[in-house]
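Look for chain A in each of the two complexes below; its partner is chain B in the first and chain C in the second.
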Partner chain A sequence: MTLAEVSGLGVSFGRIRAVDDVSFTVAAGEMLGLVGASGSGKSVTALALMGLVKPDRGTITGQGRRAIVFQNARRALNPTRTIGRQLADVLGSPVRVGDMLRRVGLSPDRADAYPFELSGGMCQRVMIALALATDPALLIADEPTTGLDTTVQATILDLIADLARERGMGTILITHDLALAAQRCDRIALLEGGRLVRIVLPGDLPPRPVASPQAAAPGSTLLRVDGLAKHYGKLRAVDGVDLVVREGEALGLVGESGCGKSTLAAMLARLIDPTAGRIEFAGEDIAAVPARRAAAAAWRGRLQMVVQDAGDSLDPRLTAAEAVAAPLRRLCRLSGAALHARVAELFDRVHLPRALHDRLPYQLSGGQQARVGIARALAPGPGFVILDEPTAALDAALQDAIMRLLDDLRRDLGVAYLLISHDLDVIRQLCGRVMVMQAGRIVEAGPVAEVFARPAHPHTAGLIAAIPQGRALRP
Partner chain B sequence: MTRPLGIAALLAIGLLILLALIGPAIVPHDPLATRVASGLQPPSAVHWFGTDQLGRDIFSRVVVATRLDLAIAASAVCLSLVTGAAIGAACGYFGGVLDRWAGRVVDMLMAFPLFVVAMALVVALGNSVANIVYATAIINLPFYIRFARAEVAVRRDAGYVQAARLGGAGPWRIVFGTLLPNLAPSLAVQMSLNLGWAILNAAGLSFIGLGVRPPAAEWGVLTAEGAPFLISGQWWVAVFPGLALMGAVFAFNLAGDALRDLLDPRRRTT
Partner chain C sequence: MRQSIPAFAARRLLAILPVLAGAVVFVFVVMRLLPADPAAFLVTGPQGGPEQIAALRARLGLDRSIPEQLARYVRDVLSGDLGRSLTTGEPVLADLLQRLPASLELTIAAFAVALAAGIALGTAAAFRPGSAVDHACRFIATAGNSLPGFVVGLCLIYVFYVRLGWSPEPVGRLDGLMVPPPAVTGFLLADSLLAGDGAAFRSALGHLVLPAATMALFALAPLARITRAALIEVLASDYVRTARALQLPTRLVVVHYALHNAAVPIVTTLGLIFSYMLGANVLVEKVFAWPGIGSYALEAVLSADYAPIQGYVLLVALSFAAVNLLVDILYGLLDPRARIRP
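== the complex of A and B ==
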């Protein structure tokens, strides 16, 4: 039975063609993937299916009700009402609320919780319950796992798949992650620039090329950390971490959100003060200088960090060139022609066209913003750079390009990286050694190949099992 | 996006500024020249707004008053903007003892009706134009302190602030070089809304006999002088200065609203 038939769909906003001549069908019990980069028209197609935007060409026919699960569930829920009430609103009565919560794997006594009291994964479960409350024949899941941890991602997608099987529901899974779609979907529609490129079967996709992280040439010790801890009252965000980074190596740090990896990074970058412990950088105890005076320390330029979320990390008032020039002015005392030349050189290094010099952050794309952030961190010529989720906000194709850039820069400049990510794939492609963090502690460490092949700690095994396996990113 | 009200308000403000600059040079009569023989004449072709009890031309006096009124309001608002934003930003960024003390002082100021505070200040400091400026600045201060404090506290650990720290910027450079410039648009809105209120406040103080004193022309003083004549039917003596005052307050408030609509939604929703 065909639940939805889309033929020749076209949607325009003003003069912008968001969707242009897209056709596909979804049958009962089938999971169709809708895959493309950001701006390829995936979400607009979904909105058209839901009747939330008006197509100006083409037809959408089909039977049964449709429901949608939006990306970023926490924001899609009403923050001032308990989830039980929100469910009751859709169901029409509070009688079946507990039952619905149980169906999506939540305890019925969670009905009195407000969205902010729930984790991101739980909010997504509530969204799914809301969608199921209308008893739909077709469920549209628009990037349902963006922003969630890899392990949580897997359970959410399992839940959707189970519910679909149980009820014979058709599903459309919208994602930018082709590997994920290949693992989950029966058929995959590839979109690009609002057009349907083709529909493929998961088996047609070539396997992902195996990355070969070079074994780190053992350089001398650059950074040595002993017993580093950060306590916030009773909470032990980081609880006694020891680590060593050698010159020129790329060390990975993985862990779920909330495990303390960003706190650890902020301490290493000397943005916040540790509660206890020692950070020795190039033979000097840099934890001895309080964070508020770190800006004036001699080592400030040699120890840099690429701040998470490139968009937010750029001052909205400064042009790209000014953002890169600021640390050069203060840390390297450059000015005039020398400053200008160095900024231009850095732009070339990160493959940013010089025409973008005078753009303000909002005039840059996500990938360009990320490159400006990288150029800024490299500006004072650091020996060690902390990269906090450098690709988290980017879609798959851009992620790839940024990772290749980071790898090249490390080889060319001989900088050492501490790469923080919740995405094991990113670590695997870039790093020689990896550390796994859980609840403020390092639970496992070793060469990437070894840790991934034979995880010693159950938490590591769980993280690895959650990665979508073995497909190439590009069609 | 066209906003006829906002544009009208901007034009009105432009006219006010023009009158403040060249008013005394273009008025038809000497605003201080008295001719008791032709006192309390209704509006006519010679005296557009009529004359007061001493035969002074009310139109000339209303126009000349623009300079004094705008000068008092603008200097008071600038004073509270600069000090308030600096204190508030420092409180929001550093927190601690400074923040607690500044917070208590602001709470204390806000606990009184602000006009009463202004009255008390002028009486205590001495009855002069300069003290009207200080009093108006002080009662405006809490708004700027609170606003700058809240906005800076929200942005204190934003990505671009961390990036500035990594780039070698010390705390003071971050507050005054990175954070405050990013608040400038919102502060401009606040300032424009505040100007109308400051004009009203200064005129109000003069109306009850504090600050500007006769025979100097000021809208509050002019309205106060005309008030007794309302009962005997010589309405024009008080009504025209009152209308000028109302128009000015109106213009600044509308311009502030238009400015906020222009700047704020984008800042709030993205």
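== the complex of A and C ==
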């Protein structure tokens, strides 16, 4: 039975053709992948299927109801209404609310919770329950796991697959991650620039290239951390961490959200004060300087940080060039022609066209913003840079480009990295050694290849199992 | 943890006490710093000399040190004594209580009109951006923001009293020769209805229209603008899109998904608007010779009469705190996130 037949679909917004001549079908019990980079028209196709945007060409026909699960479930839920009432809104009565919650793996007594009281994964389960409550024949999942931890991602996708099998539902999985689609879908429609490139079977995709583990050149110790801890009342966010970073080395730190890795990063960058422990950077105990005075310390220029969301961390009123120039003015006392030359050099280093000098952050793409953030951190010529989820906000193609750039910069400039990520796959691309963090403690550490091949700690094994096979394939 | 509404309200109530204490001390000290001497105002006769002034200062307690005067004042306020007005000769508390209903009637009428009109206008504009309603909303918002209240008041008097003759003489709350209905609530509209006095009701209503409209226009501008902006943002939100994708009934989507969430910034603005209105009150009451607390305070300032000014500020601080408490509680009811205790 054909649930949806899309033929010659075209959607325009003003003069922009978001979707152009896209055709495909979805049958009952089938999972179709809709894969493409951001802007390829996959979400607009979904909205057209739901009747939320008006196509200006082509037809959509099919039997049965359709429902959609949006990305970023927390934002997609009404923030001022309990999830139970939102479910009751769809069901028409509160009778089956508990039942629906149980079916998506939530306890019925969570019905009185507001979305802000639930984790991202739980919100996505609620969103799935809302969609199921309409009793759909076809479920459209639009990037349902973006922004979730790898382990949570796997359980959410399992839930969708199980429910689809149970109910004989057809599913459209929209994602930018080709490997993920290859692992989950029966057929994959590849989109590019609003057009359908082709429809492939998962088996047609080339096998995963072998990752190239890099030899870590043993340099002298740059950063040594002993017994570092941060307690918030009874909560031990970071609970006695020891680590060493050698010059020019890339060390990975992996763990689920809430494991304390960002708190650790903020202490190392001397943005917050540790409760206990020692941070020795280039032979100096930098934990001795209180965080509020660290900005004036002599080593500030040599220890820099690239933060998670480049777009949010740029001053919206400063142009790209001004953002990169600010640390040079303050930390390196550069001005005039010397400042100008150094900014231009940094733009070249991160492969940003000089034509973008005078753009404001909102005029830059996500990848360009990330490059400005990296150039700004590199500006004072640091020996050590903390990278806190530098690619979390980017889609797969851009992630690869940024990771390659970071790797090149490390080799060229001899700068050492601490790369923090919840995604082991990202760590594997860049780092020689990796540490696994759980509940404020380091539970495993070692060379990346070894940890991957023979994880010693069950938590590490879980993280590895959560990576979709063939993830290195990128559209 | 999310707090229950009563616990949340109790915490907000406690937070008001320091604000009131601060207002009392602040205005007391500021009044003493002003280069004006109430004794010099009172002693104006030909026989008045430095001796008389000194004697009066001693009688009023103005010869003592400022901390000592403050301590006496705080003690008096706590026992319910706000002092005596030197111009009316009456206790300040009695004066204020007698005039408060007039001000309240005016402010509440203006606030109600502004609330109803502002939210309706902003909602209509948000649902049809770029339409005639939207342009009208922008025009009124700009006019209300840029024209001072007393200018609007004078324009209204000119048009509706001088030119058209539709409204009664803009002086006071009733026609000059009319006997006011027996005071029960102090609100003339309510009292005249209770007394069954139709003529007094019409007269009171007629006198209320222009000053209330003046104040309402002033309050309506920010309200309409905030309502429009908040609703436009909410209508474009992900959760309204979700509600539409789930094909929920339109009424449910508009009321519980759109308006409920848009109400959060609107309610916050209400508190601000009320404080504007308390300030605007003074001038509007002067323009319309309205016998309320605003004009009372203005006369007290002009004659350097300390006690009424202090009493007025205390009363305004109290009503401001009460309104903000109400806004906080409403906010907590509307948005559970406001009740989180870290």
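Keep in mind that, in the parts below, the second predicted complex is superposed on the first by the 471 of 475 C-alpha atoms of A that agree within 3 Å, B and C clash if a C-alpha of one lies under 4 Å from a C-alpha of the other, contacts with A are read in each partner's own complex, and residues count from 1 in each chain.
The working rule: contacts are C-beta pairs under 8 Å (C-beta built on N, C-alpha and C of every residue); 3 or more make two chains touch, one makes a residue touch a chain.
It should be emphasised that the depicted structure is a prediction, and the values quoted were computed from it without experimental measurement.
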| item | value |
| --- | --- |
| Combined model on chain A: chain C and chain B, fit or clash | clash |
| Dominant contact partner of chain A by residue count, chain C or chain B | B |
| Chain B versus chain C as contact partner of A:G233, first or second or both or neither | neither |
| First (chain B), second (chain C), both or neither touched by A:L52 | second |
| Which of chain B and chain C A:G14 touches, first, second, both or neither | neither |
| Touched partner set for A:I68, first chain B, second chain C, both or neither | second |
| First (chain B), second (chain C), both or neither touched by A:A326 | first |
| First, second, both or neither for A:T80, with chain B first and chain C second | second |
| Contacts of A:P290 with chain B and chain C, given as first, second, both or neither | neither |
| Chain A residues contacted in one complex by chain B, in the other by chain C | none |
| Partner chain A, residues of chain C touching it in the complex | 2, 237-239, 241-248, 252, 256-257, 260-261, 264, 334-337 |
| In the complex with chain B, residue positions of chain A that touch it | 266, 269, 271, 292-296, 300-301, 304-305, 307-309, 311-317, 323, 326-327, 330-331, 373, 376-377, 379-380 |
| Residue numbers on chain A that touch chain C, as the complex places them | 50, 52, 67-68, 70, 72, 75-81, 89-90, 114, 116-117, 127, 130-131, 133-134 |
| Residues on chain B engaged by chain A in the complex (per definition of touch) | 158-160, 162-171, 178, 181-182 |
